[in-house]
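I am attaching a structure below and will ask some questions about it afterwards.
A, B, C and D are the chain letters, set down in written order, and residue numbers restart from 1 in every chain.
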């Protein structure tokens, strides 16, 4: 096994462990009672908004050149979103990685490269 | 290598491949110009809201008992959020899994199990 | 003029004055440069999320029975949303009240009372 | 009474009528059961995201120069946000206009013009 695939494996074990760790985290605090999909979707969008808040007054260019402190704060918001995304997927028994691959296939058909090159927005808006 | 770790490895390779595939997806469409962190944070919260929309009129109990069709639709929203989360993290050179572990450690200290058991909300609200 | 319509008039003058006051507030701070519709839409959703945060772990019933302190905090979030909504509408030259009436007419046709009584969700979901 | 104050009065009556009309709209459809503050906060943020979606791939400059069609669509989203904001405030017995004035006073103290001129973000970030 080469270095890259070992890193991949470590990463994968970490992903499975994240699901498990977040279950334990909730269980240790008796928080399962609050973790309905409805409530978790609310918590997730609240974290997404904390991310948006970092960027709201920046130009696009500035958002690509964050200071070290700002990037560290943004990284925590990305982590919070990921944590609730994993937790909600776990509650609904959704495999995030498989779901992402399926969605990419759908997007491939919805946005054929030759039709949408350099154009943003919904297909209906071209 | 046992079955579980093989699954883990496949999952990890898929995760690395997701990052790579989403780069290609954007490149094939010349969409890098739109993918500033500012814009991606907006796209991410839009997807988070499409998730919330599925739950807005459901009771918490109903949100745990989704129909097959509804669950399939919710899974696509989870995938969309994951896709933008990966894409944004890639643009900022953030390792999502490491960031999640670091955040869990922070949360461990912020919400000690013995203090918050069965209580939701911010520490300041107890 | 009876008491009710006088109250109404005072309220209306306050509404017009709000638009004017928020223009001045931005001008005094040289904030017009930040107040593009794009940025204001981000600020608005961030405030909406601060509202959602107050309700994320509450039951629906609890959300109807807020403590005095919680209600005061929620009221500030509602005000923040209103402020950005007024400011964004002003930047786009949209008359909020007229827009709301037009939308209610659209909703009347989209959700005929006899068809949707007691049912939530989009017409396509019935 | 001059023309301006008559317009103001008409506008105010429309505002009071909006509150009343939205109560009736919900009642005619037996939707009160869905309109807990928790659920209405979710509906509000979903509408805020539909607004954000219109701006997500635009530059700030483009967001100031919307086409007639785009502006009409944006106006509907602003109306939807306003409708849920009014409805939620009504459910919580909050007077939006008074709340906005109180919040502007708070903001005056939080962001003194001389300190924040030309600077965006939280006071802690200057």
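The rule is simple: contacts are C-beta pairs under 8 Å (C-beta built on N, C-alpha and C of every residue); 3 or more make two chains touch, one makes a residue touch a chain.
All figures in this text were calculated on a predicted structure; none of them were measured in a lab.
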| item | value |
| --- | --- |
| Which listed pair, C-D, B-C or B-D, duplicates the contacts of A-B in over half of its pairs | C-D |
| Inter-copy rotation, chain B to chain C, in degrees (Cα atoms; steps of 5) | 180 |
| Euclidean distance of C-alpha centroids - chain A vs chain C, Å | 29 |
| Approximate Å spacing (C-alpha centroids) for the pair chain C, chain D | 2 |
| Overlap residues in chain D, where contacts from two or more other chains coincide | 34, 39, 42, 45, 48-49, 52, 55-57, 59-60, 120 |
| Chain C contact footprint on chain B (complex, rising order) | 42, 45, 56-57, 59-60, 120-121 |
| Chain A partner contacts - residues on chain B that touch it in the complex | 5, 8-16, 18, 21-22, 25, 28-31, 33-34, 36-39, 41-42, 44-45, 48-49, 51-52, 54-55, 58-64, 66, 71, 74-76, 78-83, 85-86, 88-89, 91-92, 94, 96-97, 99-104, 106-108, 111, 113, 116-118, 120 |
| Chain A to chain C touching residues, read off their complex | 34, 39, 42-43, 45-46, 48-50, 52-53, 55-57 |
